[in-house]
Amino acid sequence: MQHIMPPPTKDLAWVMGPYQAPIARVEPGETFQVSTLDAFANRIDATDIDLSTVIQLPYVNPCTGPIYVEGAEPGDTLAVRIDDIKLTRDYAVSCIIPEFGGLCGTVYTRILNEPLDQRILLHPITDEGMIHDPNLNIPKIPIEPFYGTIGTSPTTEAISTLSPGFHGGNMDAADVCVGNTIYLPVAVEGARLFLGDGHVTQGDAEVCGVAPEVPTTGTLTVDLIKGRRLETPRIEDDEYIMSVGSARPMEDAARIAFYDLIGWLEADYGFERIAAYQLCSQVARVRVANMVDVLYSIVAKFPKRYLLEA
Amino acid sequence: MQHIMPPPTKDLAWVMGPYQAPIARVEPGETFQVSTLDAFANRIDATDIDLSTVIQLPYVNPCTGPIYVEGAEPGDTLAVRIDDIKLTRDYAVSCIIPEFGGLCGTVYTRILNEPLDQRILLHPITDEGMIHDPNLNIPKIPIEPFYGTIGTSPTTEAISTLSPGFHGGNMDAADVCVGNTIYLPVAVEGARLFLGDGHVTQGDAEVCGVAPEVPTTGTLTVDLIKGRRLETPRIEDDEYIMSVGSARPMEDAARIAFYDLIGWLEADYGFERIAAYQLCSQVARVRVANMVDVLYSIVAKFPKRYLLEA
Amino acid sequence: MQHIMPPPTKDLAWVMGPYQAPIARVEPGETFQVSTLDAFANRIDATDIDLSTVIQLPYVNPCTGPIYVEGAEPGDTLAVRIDDIKLTRDYAVSCIIPEFGGLCGTVYTRILNEPLDQRILLHPITDEGMIHDPNLNIPKIPIEPFYGTIGTSPTTEAISTLSPGFHGGNMDAADVCVGNTIYLPVAVEGARLFLGDGHVTQGDAEVCGVAPEVPTTGTLTVDLIKGRRLETPRIEDDEYIMSVGSARPMEDAARIAFYDLIGWLEADYGFERIAAYQLCSQVARVRVANMVDVLYSIVAKFPKRYLLEA
Amino acid sequence: MQHIMPPPTKDLAWVMGPYQAPIARVEPGETFQVSTLDAFANRIDATDIDLSTVIQLPYVNPCTGPIYVEGAEPGDTLAVRIDDIKLTRDYAVSCIIPEFGGLCGTVYTRILNEPLDQRILLHPITDEGMIHDPNLNIPKIPIEPFYGTIGTSPTTEAISTLSPGFHGGNMDAADVCVGNTIYLPVAVEGARLFLGDGHVTQGDAEVCGVAPEVPTTGTLTVDLIKGRRLETPRIEDDEYIMSVGSARPMEDAARIAFYDLIGWLEADYGFERIAAYQLCSQVARVRVANMVDVLYSIVAKFPKRYLLEA
């Protein structure tokens, strides 16, 4: 099985776009392994590091990629099944970044208040789960690994790996996990898949801006749906079909997600559009994936049990 | 057991405020019954009604109340435990209201596109569940009843029963259900509890703007937490402590909810504030309660299993 | 000429609604005088006052009213011409309120950063203008007085005088000034006019949340446009017709304002709707009235010189 | 004088980034001419064109560039003085694009309503001004040309020319006009200046999404401020210093603009930070530049007459 490693530091992907040379090539149907650095490029190994030396924008959240998918052409859909995610370090990193997060001033929501103080936590990982803080008497947190960031290249833009969008990217959606299939738009030849930002687990909304960040080795299987154009990422598991919207303000992210989900129910599952809208109002589920990134991400989910029976 | 009925039409509560005469009085610790009309004042019983004759703002979403709670004073907290909710009609009403909902132009998000067409659905309710549409071959939807609207009086304002806010109100949060306790701020003498807007169940976000609307008879037990000032509603069940934020844009609703939840973890559960912020980023859950009302509502939830052990 | 004084403190209007007794009555066509307290009820006369003793929500921004307009009925429009505004104190008050303003955390945009420190400025007013700070060598600021707050009663709600909305209210729009006519919806008998919140002048957006606040005596002439239903306030001066939208997020305020302005151009001035939309994109002007209040206010302006000639 | 022409169609700039080869090089202090196509690449010359054939994302709003500025290094500021803008066509183009604009559903604010119909207007330009519509009896509109789009390259991203941002871009700010100096951040060697999107004039907010679009030939003088790092674009004319913020929701754009303006007053003009905040609340002016693009743009302006005298 092919094992794709992160490139040397100077070649790490900090944007998703059509401009870098592919670091690997895969065939549709191929199962392969891929390793990722954590969101801080594995540079944090102590709690007393000055974060401003590690977090120098735009060099945050390095992805492994672009991975060229043979035969992928604009207008196709890339289906990425996540077969496995292994954590490759025995601790995760979390931190308070002074002008980043959901409950503080940021470069977008500018305020005159003093920034928060930085803080770094290292969370030991054992077979029984993740220890939030050895000094706090709380149960271990289960390991539920997923990729915070997965996406393909836009047509002409090179988008920061810190941003989610119609191309996928930094959605921080815990549904990008083992067993699930992620559908991504193909806008350029070869699709150019990027992924990274492994999370041990995550609270909905990722409210402080950082999850327990960890390097990983994953096993993926890619496939192509030829001639199927996607407008925004979709995800599927045994229980739900899901559409992801990323935008600001957050209601616009929810609108994109539901609009796409309703369109999916209409196009593939035989629902009339407004009927699907009304049914979603009764049975849909919503995940707030992030309220901290360049754009906020919302996952709208429709339970498969309410799909029309043939 | 006292049974509080909705007042005659001319006295229905269309606002939550300090100005109406109480329709009933209860004692702290008292268990009582209360009946509510549906959000359309039970006026829709056919699918060919002209909605514009039924929905004449501000006369939508009538609540039963104010219910005066003896001994409640400003600065107290009102705890409302929901013991039971019975549906008192064998069908629920849903509709598409032309300029209301999450995926259309509204009086707030004004657009020049033509409004959607109205549509009314009547959903038969049986012991096995709710039938979305007899013409569609999908499973019955389980009955999971809750109050879309529950709140107390602000100090000086009289707020439309269509709006959620710091006082509770039209949150459309499915956590306001049987078995759960809702904590509401007391801003005036007697607290003045209002409730209504029974829902058979609801999708997260209530995306089309309407749930399966139904009249109800509920059984509630109220209690007072003297001298405990709340800033926004809280909810508790066996699994979670929850704070509700209502605001626009939606991220501000999420900020209010998480800020309050973190303050709660700090004040009552021994967490240091920033530690709670970081832990929420790992284990919190979020419900998008509504993305359609005057303000959007978000429920931030902290799993009780991660509370510090004494 | 009738001179309407603010009522005693206990009767000051902190909400605009149908519940208080009128403090005065005027006839359509009548010119009268009205005096207003400043937004802090004239309680700040030194820079070392503890603001938390003065600003005790919801008792901020007292208005003079309700003024009952004889003959006003729901569905009419109230036209208020401002003939004069006299400042009745030789200094204005400005302050930094720790959790209020455009560039800080607030009760709506909740953050964990430490609040700003309070600060009070008293600005001497002379015939040549207002002195921002005697210690800073900058020119006097011209006196351009206007009412930050003017509105009528909603049908059933009692809305805080701190909030703007479809009824007018705390718009903080500098176009509510001498020589201009303000059009307000009539939702209840007698219209019930409220006004207050005199400003010596104001920067667009009122960014710190407070303008130079001052008590006033104004001269107004009211008139009725019978049977003309307004959806949101309008303003007219020699140069522009203007519509005011108040909402969050700010783009929704702008949408309301432009939607109404385009509807006005269509209904009264013979423009086809989409033609007006396109023309606004070429000649309209926009004022950001406030970015600090319960809702943000935007004034969309169409230059009269581009109205169709008859 | 060097005259920089738009490159052949296949090399037009649809993104601002570090990846394309420069099409020209200029020296600091150099005055040069530059020609630009209109936002539709000059492809619209009749009102009956099918817009969907012309507007094929992302190939809209082509810019002329990158122009390499000798000696520019990351951390410098590029000062671009606009000496002249000549319109190079005798008509301007405006249109209604079905899912684009301020008062309709868009790809970000997704709705289920039917899209607006397309509409194209061609506006004749004469020496006396622009004719909005020969069939409407309204005065000619004065020629007040400016660049809707001007910006430099980010460090690693390639941002669509349809988007504004910290790098400048598609701000649609009418202050980018003759006589004014635009300050832009330099993030990469050579700065890489891009510009285009000439507008004959524009209403604040560019509400329908399109201004009167026109090709131009401008005369510019560029200069470098070495070692001066900018966070967002700034503009200066005789009357104002101005900061531009671009974000969604619109209040965040305003926050960025005011935060930067206050920082500028503090760093260069001797104001204490909170004093500047309070003074802005009294004398600042705000332009809503656009409410239609990928991000909304706000210009916060401080009148030079209130700068501290030395």
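All chains are identified by letter, namely A, B, C and D, in their written order; residue positions are counted from 1 within each chain.
Everything below uses one rule, namely that a residue touches a chain if its C-beta (ideal position, glycine included) is under 8 Å from a C-beta of that chain, and two chains touch if they have at least 3 such contacts.
Keep in mind the model is a prediction, meaning the values are calculated, not measured.
Enquirer: Weigh B-C against B-D on C-beta contact pairs and write down the one with more.
Expert: B-C
Enquirer: Farthest chain from chain C, going by mean C-alpha coordinates, please.
Expert: A
Enquirer: Need the CA-centroid distance for the pair chain B / chain C, whole Å please.
Expert: 32
Enquirer: CA centre of chain B versus CA centre of chain D: separation in Å?
Expert: Measuring from centre to centre gives 45 Å for this pair.
Enquirer: Which residue numbers or ranges of chain C touch two or more of the other chains?
Expert: 103, 109-112, 116, 248-249, 255, 258-259, 262, 274, 277 - these are the residues of chain C that touch more than one other chain.
Enquirer: Touching residues of chain D toward chain C in the complex: what are they?
Expert: 94, 96, 101-103, 116-117, 119, 121, 130, 132-133, 136-139, 141, 201-212, 248-251, 254-255, 258-259, 262, 274-275, 277-288, 291, 296, 298, 300, 305-309
Enquirer: Give every residue of chain C touching chain A within the complex, in rising order.
Expert: 103-105, 109-116, 249
Enquirer: Using the touch definition up top, name the residues of chain C that touch chain B in the complex.
Expert: Going through chain C, the ones touching chain B are 14-15, 17, 19, 58, 107-112, 154-160, 231, 245, 247-249, 252, 255-256, 258-260, 262, 273-274, 277.
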